[in-house]
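My structure is below; once you've seen it, I'll send some questions.
Chains: A, B, C and D, in written order; residue numbering restarts at 1 for each.
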Amino acid sequence: MCTSVIYTAGDYYFGRNLDLEVNLGQEVVITPRNKTLEFREMPNLEHHYAIIGMSIVRDDYPLYFDGVNEKGVGMAGLNFDGPAHYFPVQEGKDNIASFELVPYILAAASSVAEAKKLLSNANIANINFSDKLQAAPLHWIIADKTGASVTVESTAKGLNVYDNPVGVLTNNPEFPRQLLNLSNYRSVAPANPANVFAPNVDLPVYSRGLGTHFLPGGMDSESRFVKATFTKMHAPVGNSEVENITNYFHILQSVEQQKGLDEVAPNTFEYTIYSDGSNLKKGIFYYKTYENSQINAVDMHKEDLEASELITYPVQNKQIINQQN
Amino acid sequence: MCTSVIYTAGDYYFGRNLDLEVNLGQEVVITPRNKTLEFREMPNLEHHYAIIGMSIVRDDYPLYFDGVNEKGVGMAGLNFDGPAHYFPVQEGKDNIASFELVPYILAAASSVAEAKKLLSNANIANINFSDKLQAAPLHWIIADKTGASVTVESTAKGLNVYDNPVGVLTNNPEFPRQLLNLSNYRSVAPANPANVFAPNVDLPVYSRGLGTHFLPGGMDSESRFVKATFTKMHAPVGNSEVENITNYFHILQSVEQQKGLDEVAPNTFEYTIYSDGSNLKKGIFYYKTYENSQINAVDMHKEDLEASELITYPVQNKQIINQQN
Amino acid sequence: MCTSVIYTAGDYYFGRNLDLEVNLGQEVVITPRNKTLEFREMPNLEHHYAIIGMSIVRDDYPLYFDGVNEKGVGMAGLNFDGPAHYFPVQEGKDNIASFELVPYILAAASSVAEAKKLLSNANIANINFSDKLQAAPLHWIIADKTGASVTVESTAKGLNVYDNPVGVLTNNPEFPRQLLNLSNYRSVAPANPANVFAPNVDLPVYSRGLGTHFLPGGMDSESRFVKATFTKMHAPVGNSEVENITNYFHILQSVEQQKGLDEVAPNTFEYTIYSDGSNLKKGIFYYKTYENSQINAVDMHKEDLEASELITYPVQNKQIINQQN
Amino acid sequence: MCTSVIYTAGDYYFGRNLDLEVNLGQEVVITPRNKTLEFREMPNLEHHYAIIGMSIVRDDYPLYFDGVNEKGVGMAGLNFDGPAHYFPVQEGKDNIASFELVPYILAAASSVAEAKKLLSNANIANINFSDKLQAAPLHWIIADKTGASVTVESTAKGLNVYDNPVGVLTNNPEFPRQLLNLSNYRSVAPANPANVFAPNVDLPVYSRGLGTHFLPGGMDSESRFVKATFTKMHAPVGNSEVENITNYFHILQSVEQQKGLDEVAPNTFEYTIYSDGSNLKKGIFYYKTYENSQINAVDMHKEDLEASELITYPVQNKQIINQQN
């Protein structure tokens, strides 16, 4: 379904794979500081932090899949079908619709700590954007430019904000279980393992990479959570922005869903429609798509962030092959 | 170490990932028809099929890692450390050094069937290119534009040419074992599996992609063989050359070795230095590198294939980011 | 650590493996109806259902590891180190020490439904049996002769009584997670699987039993939960008490911890000290030990169940080999 | 299908699980020294070493599944369906039918080294015992009281006698592959593993036994080969014959096939019909059956080994429960 990762390499890079069977028409959308953000049950925000990210726009409203703000806070919503539970509007609570949560947080939080405060009295309200556009079952990851990150899950038991020690999120099951499952992989490592299976017998290291033999490669959310965490944890730190963003996309690629591998309905396949990542400090938004392997970039600071209307860039989805002759 | 795949999509696409800890200085090299190909123990070939592929050049000799010829035959050499065994020059045999094998076959074979004939009396001779450049332990995959493919392995038991029903090759262990191991994965599928574990108990499909839960994700050659075969077998067929070559690189990406995950010596990591793929019919050679995610192309038919000197193109290794603003 | 299973075969058989690194001196203990059962914070029970099970006795108190009562209710306590949390004595609650829970339930419940009622206002109190004998971190399984079963877990979040649809319990993690993990094994089956991995390639069924290739065999609690559930779910129904109890012990044997495989401290190994199982209807308690593979039996109905003192039988731990010549 | 193990514990214990869907009517059979052993293509042996083992008897001929001789050599035949290939009788070779091989070796070899000599000119001939009793596709393990063992496989490529460094045999695939597969499990150990997956993150050891999390538990021959080898390699050494033989049966139990888990035809299930083990030095043959968990013993040295007729003991298949009250 989806995988989101924060990668630490001097600067911090945050983004996600969007895995789905249909392209919903997303664009790169900048919400400048003076674009009024309306909320169903909360006061409108007329002035706020500028936001850039991947989003669809309906009725002039940015329905962000993921984004980052000018303060270096990033946030992504990921499918959480099953445990996700939204509640009726509740008196005395900060009632936020699930589709409002990304702009709500990114508009006002300059750190994960501030995001946690914004969520401390929150109720994720079961409001649809419209009859046509029903609320999707989601959970969220929030990260900032100090490398901190949290997972936000609204389930039948209420709203949980979990510290996220690995900086990775995929999908169902609930986050504590995903985390606990990593313990099963304690022995998996980049180096070839010592022979503790039968120390008195010669068991040849017949291949490089035997230390990762038990790393999962499935499309399911548990497998992607394990693999993305491992890849991220061992990713090297580059010497430049280009090297880092390159490494970042390779991390996401380790859990890419290739076309044909995840059949979600007869002859209908989910795949990694796009991968994106932003430098949280610099406000540059990078992305690739399944169809276009070249990296594209939109720099929020090249726009007039004091504007009051959404700024959009179409997704470059055409494969441009560099013909050398 | 490496993964080679032939992908069927109307046309046939053949190429490989090169996984190594050092960049050996490879280039895109075209050997035109009248470049004399010298062999240590076999007659020189003054006229032959033109070849394009990834190669280093030493003493004006193309040491191809992989390549394709104008007749639509492709061939790649992959690490086979352990079982690989080359023999002393043997009277009455066609003695070919391991580093000569790719040009030897591609120069003269217009199909896999012809390649098999060329190998029917072959002896892979234990000759080094030079004192400095020792022969690497390799095995090979040969494929053609009908989709046929074979695996060539020279071990202590002699030379084996195996039909390759999956069109995939990685590394050690020997090919028949890699093939047999696939049987362990018979139940792995893109679709969510029926509950045959405990049919009377409700075991919810908590995630998409549970049908691939047992797909391996390791860097080792067994894991890559299984995953690449599965990905290839379920890859869709595109409607255009661009769509097919895009799909092809996604297949190779499913077994990409990210930096940091395969420690081959203390603090030294193998990774996927480049991925390449050629349309066997059209003679267009495409590649990407770890550092440069854009696809590059060199078309052999845009060159003078009647020439008598090697034609080389440098590998484009610089990440060109498409700045949208 | 431990595995408990209820097996359905006409009658119902309930019991467990006790996996530990030390033998605590357990015996087969019958608590007859008129043996006064004292509780620290609850009224004493002078008359109650008779109980048989494996227990240590301290200060004339039966500290049951597991047992069944004359009404066909069985209960076992299993290690739950980590999540287990007991609470201070709480006014208005039924405060029961963890070591009292098995006799408390078996003394008064004639069904799982009644056990649930007894637990509806319960608080598992953090009381030690004595300074020397500290409360162990446990969770419990309760089953009855209709085949119903529940899991009882007291964690920091409070007391949970979960319906147990598989009739199996091992150890940490919490029960809902153990249950969810079974979904990963939906495709595992006794029959050889169809080839859905690569339908167009011949992947020979080189071995019988390929349908269970992904069944785990580890000593850890997740592995044992999966394997015991699978074994139980596919166990045949016998035609006699002897055949059923034989089948029952084979189910437990599937998750036996052999000596040497589970090192819990340097050179100290946990293993399956005993396996037991009772016919819930007949009140016959059967057991084997690691040292003695013969099945032993104690029939509660052969005792005077109106008695007022504990009746104990020593565990037969000596291997009696049947010498045929 | 089957698993054979040699266990080192001061003395050496050798035997096997017989896994099958039908009981063939085996008995414990002693072939004394002067019982004439006839061979189809080799000279009869009128005097030879005495043998004890599990066997069916047809036309007064002992068709041993497995056995040991008075010199401390043990041998077992295990299913090898697929690779097994027997050859036409060949001039100049020692032509031995597959069903003759166990008596042929045990009659004359006082060590594994001598068995290898006996096999040095052997041809496993494709002769059936009778029209009704066709030759089964088998391979063999031979072990002796020094702990040495070899695997004997007759395939289309000829007869191979492999040194067996682990002293374990199951079924298909060929032995070198089974051995190589163990390398994938180098990191599996009885102790809880260090966290090398993500050293900077706290991944709690939530369960004992995490070091064996990746140990397989399937019924297939690869899974059993891995698990039996691991169990054997870490089995402790006992202080007495009883303790050792007890440990030995626990090793075999680790790969027991429970009824219901291995469906070989619709509603037909293979299971572990019997387990046996002999002290190679003492000539005592021990066994258990699926139906009878008590250990039975037959001591060859309590018989007149100079006799000339087969001596048989029926298999004790009735569960004798020790009633304690």
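Throughout what follows, a contact is a pair of C-beta atoms (placed from the backbone, for glycine too) under 8 Å apart; a residue touches a chain by one contact, two chains touch by 3 or more.
The structure displayed is predicted, hence computed values, not measured ones.
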Contact steps required, at the very least, to link chain A with chain D come to 1
For chain A versus chain B, which are copies of one sequence, does the interface use mostly the same residue numbers on each side, meaning over half shared, or is it different? same
Per the centroid of Cα atoms for each chain, what is the distance between chain B and chain D, given in Å? 43
Inter-chain centre distance, chain C versus chain D - centres from mean C-alpha coordinates, in Å: 34
Check: chain D positions touching at least 2 other chains come out as 173, 180, 184, 189, 191-192, 204, 206, 210-211, 213-214, 220, 222, 230
As the complex stands, chain C meets chain D at residues 1, 28, 82, 171-173, 189-192, 204, 206-223, 227, 230-231, 234-236, 242-243, 245-247, 249-251, 253-254, 256-264, 269-270, 286, 288, 290-291, 293-299, 302-303, 313, 316, 319-325
Counting only contacts in the complex, chain C reaches chain B at residues 165-166, 180, 182-189, 191-198, 200-206, 210-211, 213-214, 229-230, 233
For the complex, which residues does chain B have touching chain D? 173, 177, 180, 184, 220, 222
